[in-house]
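You will see chain A twice below: alongside chain B first, and alongside chain C after that.
Up next is the complex of A and B:
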């Protein structure tokens, strides 16, 4: 008997309820939106740790919505990968909310911001926990529509333009996903992921899996901003307010893109060697194009957005390699990227908060006035560039080692070269932004408020200590059991259905 | 049952999907791009609903003993398409709201003139 767990639907229900409560009660005061968002995201971290613990004790859990038996009703599934992703999303969401409390003072309509923010978190958590294909699409759209609105939040020229581009491209991606889901439904007569995997295995036909696989990969790659589907990201992520850039780059592209690709291909459609090769090639292309385009940016946030494209490439490479070490390295890099990219985007937000500019050429010597921000940015930069002992070094090293072990020497070499180029653009952030002589006009610049410093400090701490997650014990609990989901693959299906 | 009658829905659905994509690719007017998105959405919804269609079928309600389950249409796509239409409306409203604000800021709906970021 598969254990059921009432904690799983809470990941969707709690942020939804929080969003509703903020929209209902939070218009007049500022304590309700701030407090509610902090409590909800903090609670989600606690739930996700409980979920991880439960998985390590009892294995895969399911929850049947409305007690309808699978495969007729909607099931939610908690496995290692789910628990890992839930923790990542909750952690980043909490720290970003902590940052937003001071940062969003400048904007009007804070309750709308927090409502949309929690809706986006609910959508992402829904994508992660759902075990039903159509449900995946619904939650995908909940998160996506909330993020379109958040990109346009400032309602200035650039925000609107970026949001329009993002909304149009994102919707096309979602419709491709829907088309593929309908196609799969007409072929297998089921929407339950586990049941669908079994039906596809029984039919043994690869042609439907191929057509729908292409559609799904296109749709999710648009969400994950993998080159050549990346055109919207360098506009959308920098245009949003800094906390939202941090959420979008930090977790949204991973929950809606990378996680969905993993879930759909590894647990439902099954993976062929051609698909692994395709993922690796996409990963390598993303990593090199992203890093080359990042090299010529002067806008701090735009540079970071291109850097996200490049780092997603590393994650895809790790997943494509297909060895247990590759999966573990990819997940570890996914977590690290969430942390250091949120840190860097929040840091850029702190700089913009203090100085009002994002152009690296106008900055200089800010480290003298903003000591903590500068130190946090330094640790984030070192982590993204892969300098030991920062967390990013270990995950990149593992990806490269996995590539070499599997015999993909060229991909390993490209990954090393891209990593060096990464060092060159992050050094530019530090050199032009924070080091050197303080310019006259920044003499009056002051360090950002306490809450922002707290959030930056905590993220920087995770960047520095993240490597410790690889120690035996922590690794088992945090990474290996999540990576094992990939190896179980489509056999997960029989386990889930066998239990219900 | 002729071939055309069986497959007309699929031709219609994919026709709409391609028309929608084509409009989105070649048009430069914000509203026309949104219309393209809407047509694409309709095409996918038509595909979704036609998956469960049986010609001369009946509603899936067991009310008489002589009712044959094999003549009932599949109710799941009908439930799904409602959800998909509602989501489509939300996306459309969002895109139109952004288009209205863009028009207020730029005074034009031409995407070639709204080009401060690189498209």
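Up next is the complex of A and C:
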């Protein structure tokens, strides 16, 4: 009998409720939006730790909405990968909210910000926990639409332009996904992922699975900003307010893109060798193109946006390699990237908060005035560049080990070269932003408020100590059981339905 | 708190080689801290500076004693970050750029080392994926067979060479010498990074890999080229620190040459030279730092005549520059002598290339001497520059205790390790590291020569005393009735001693290209990547239909690949 768990729907229900509560009650006061957002995201961290614990004790859990049995009703599924992703999203969301409390003081309409923020979190969590294809699409759109609005939150000219491009390209992606889901539904007569997987297995290898596979891959690759589907990201991510950039680059592209690819292909459609190779090639192309473009940016946040494209490439490479080690490495890098990229975006936000500029050419010497920000940015940079012993080093190491072990030497070499170039673009940030003599016009610059420092400091701490997650006990709890989901693959379906 | 993990052979080990390097890491740490007390006085962020220095010390010890490859890489990579942080204490305009460049070269080579370690692990029967976390150096003995093993060796050696500052990864060293605070230069590029880089190259070549003749030849060629090319660059420098920086590169060549010979004499010579170089090179930097602190400039054209005001610094500088030029009986000679013998020894197994390496090494030594003639003359001898304000001249006096003590200790070591080369450093440190005594055809016993030198000096001094005891008449030198001090154009600064070299024949073109940084691997790659990036950036023109068309093209390609 498959255990059921009432915790699972809370991941969607709590942020959704929080969002509406803020919209109803939070217009006048400052305390309700701030407090509510903190409590909700903090609670989500607690839930996600409970979820991981439950999974390691009892295995896969499901929850049936309205107690309808599985193929007919909507199920939510909690397995290792889900629990891992929920933890990542909740952790980043909490720390970003911590940062926003001070940062968003300058904006009007804070209650709208927090409402949209929690809606986006609800959408992401929904994508992660759902066991139903159509629900996947719905939650995808909830998160995506909230993020379109958040990118345009500043309502300046370039922000609106970026949001428009993002909305158009995002909708094109969603449409491909919808088309594929409709097609699959008409072919298998079911929307339940587990049921659909069984039906496809029964039908053998079919053209439908292949064609819908391409459509789904296109759609999710658009969300994940994999080259050549990446063009919206360098406009959208820098234009949003810094906390939102951190959320978009830190978790949104992974929940809607990378996670969805993993879930749909590994648990439903099945993975062919060509697809694995394709994922690896896409990964390598992404990491190279992203890094080459990041090298020449002067806009701090735009540089970080290209860096995200490049780092997603590493994750896709790890997933494409297809060995248990590759999956584990990819998930570890996914987690690390969430942490260091949101740290770097929040750091860029802190710089913008203090100086009002994002142009590296206008900065210089800020390390003298913003000691903690500069130290936190340095540790984030070291992590993204994979300098030992920072967290990013370990996940890159594992990806390269996985590539070499599977015999993909050229991919390993490209990954190493891209890593060297990564170091040079992050050093560009440090050199132009924080080193050197302080410019006269920044003489009055002061360090950011306490809450922002706290958030940066916590993220930096994870960047420094993240390597400890590879110690045997933590590794099993945190990474291995999540990576095992991939090896289970489409077998998951029979387990879920078998327990009904 | 328990320190049992330090005794775990999985993680650390303490053999003769690592103890040897560890002892001198500690020595340089102590000397540099003493020197910094004087040199860095009154600067901001001193707490951070000393913390970084201490962390560098600890991380260096960690790297030296590490047995586990990944533990080693962690300490090693962390050292790169610390180097960056320490360079950033410099106050030149170009300091941020230099810190960035040094870290990109050092940290970038860490990524190569990572690949090297992974390949090494793959070649040694990987098994369980996480076994990479327990890859031990002393358990490895990888033959260099097949391209994968060679690639692994090259990746790891690139890390060692970048840290030691050998060509073609050397370009961060002269920049750092120019833009970092002097104690930092003396601490990292001049001593610790040399010790660590050559230590690791030694470990790789002696233990982790089983070298082949071909790879040894590559190392020797690289070493010889480094010696000559760097010293040629040093000849034409106008900045005191930058000149010393090029010598720091050039000397690495001898160590690589020594290790590349692959025979015990040459390897002993290479390791011994690593030690000697660290001693005299940090002494040179520290002495030069004392001068530049008093003079307020590093420009050779503005220095001169410092022998009179800074006698202690002058003597330490002179001793070290004789040592670096390989003049007996100082330590530089003793180790170069071993390296030469190692190179000659390789000739016994056939081939004529050893002549080339030997000539390069000896010629390099001569050029080093030439370039230090220029340097010593421009700083300490000659007339003080005339365009220095008078109040600046008044400040010129000997440095304080904390700044000359380290240089005196180092100069003393230079003499002792030269005169008693066999008795002290070779017996105590170098020979145990390569497992037993080395019988060289001619280990130079310096006893007689040193004795004669000392007698000569004593006799000379006695004659001088005898001469000054007699009443003598002191007069100004007669130069055709002119007063020299009133004629600035009569001053010979020494800056342009070797200008002619720069303007002759083929060298002219090479120098011009070098000054345009055409040989700087960092700038060349940056230019190339910038060019590619420009093309990619031109594609991103911000127009939505173009972006959408990429998506369509991408989807068509996906269709084509997945459904054929």
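One rule holds for everything that comes next: the second predicted complex is superposed on the first by the 500 of 500 C-alpha atoms of A that agree within 3 Å, B and C clash if a C-alpha of one lies under 4 Å from a C-alpha of the other, contacts with A are read in each partner's own complex, and residues count from 1 in each chain.
In this text, a residue touches a chain if its C-beta (ideal position, glycine included) is under 8 Å from a C-beta of that chain, and two chains touch if they have at least 3 such contacts.
Since we're looking at a predicted model, the values are computed, not measured.
By the document's definition of touching, neither partner reaches A:303: not chain B, not chain C. Contact comparison for chain A: of chain B and chain C, C touches the greater number of residues. In the superposition on chain A, contact is made by A:179 with chain B only, not with chain C. In the superposition on chain A, contact of A:165 is made with both chain B and chain C. In the superposed model, A:330 makes contact with neither chain B nor chain C.
Of the two partner chains, chain B is the only one that A:157 touches; chain C does not reach it. Using the contact criterion defined above for the overlaid structures, shared-chain residue A:191 touches chain B, although it does not reach chain C. Shared-chain residue A:133: touches no atom of chain B or chain C. Contacts of A:217 after superposition: chain C is touched, whereas chain B is not reached.
Contacts of A:244 after superposition on the shared chain: neither chain B nor chain C is touched. In the superposition on chain A, the residues of chain A contacting both chain B and chain C are 164-165, 168, 172, 231, 235. Touching chain A in their complex are the following residues of chain B: 17, 21, 24, 30, 33-34, 37, 40-41, 44, 47-48, 51, 76-77, 80, 83-84, 87, 90-91, 94-95, 98-99, 101-102, 105-106, 114, 116-119. Within the complex formed with chain B, the chain A residues making contact are 134, 137-138, 141, 145, 148-149, 152, 155-158, 160-165, 167-168, 171-172, 174-175, 178-179, 182, 185-186, 191, 231, 235, 239.
Within the complex, the chain A residues that touch chain C are 164-165, 168-169, 172, 176, 207, 210-211, 213-215, 217-218, 221-222, 228-229, 231-232, 234-235, 272, 274-275, 278, 289, 292-293, 295-296, 323-325, 382, 385-389, 393, 396-397, 400-402, 404-405, 409, 412-413, 416-417, 419-421, 423-424, 427-428, 430-432, 435-436, 470. Here chain C touches chain A in the complex through residues 70, 73-74, 76-78, 80-81, 88, 95-97, 99-100, 103-104, 107-108, 110-112, 114-115, 118-119, 121-122, 126, 129-130, 132-133, 148, 526, 529-530, 532-534, 536-537, 540, 542, 544, 546-548, 550-551, 553-555, 558-559, 561-563, going by the rule given at the top.
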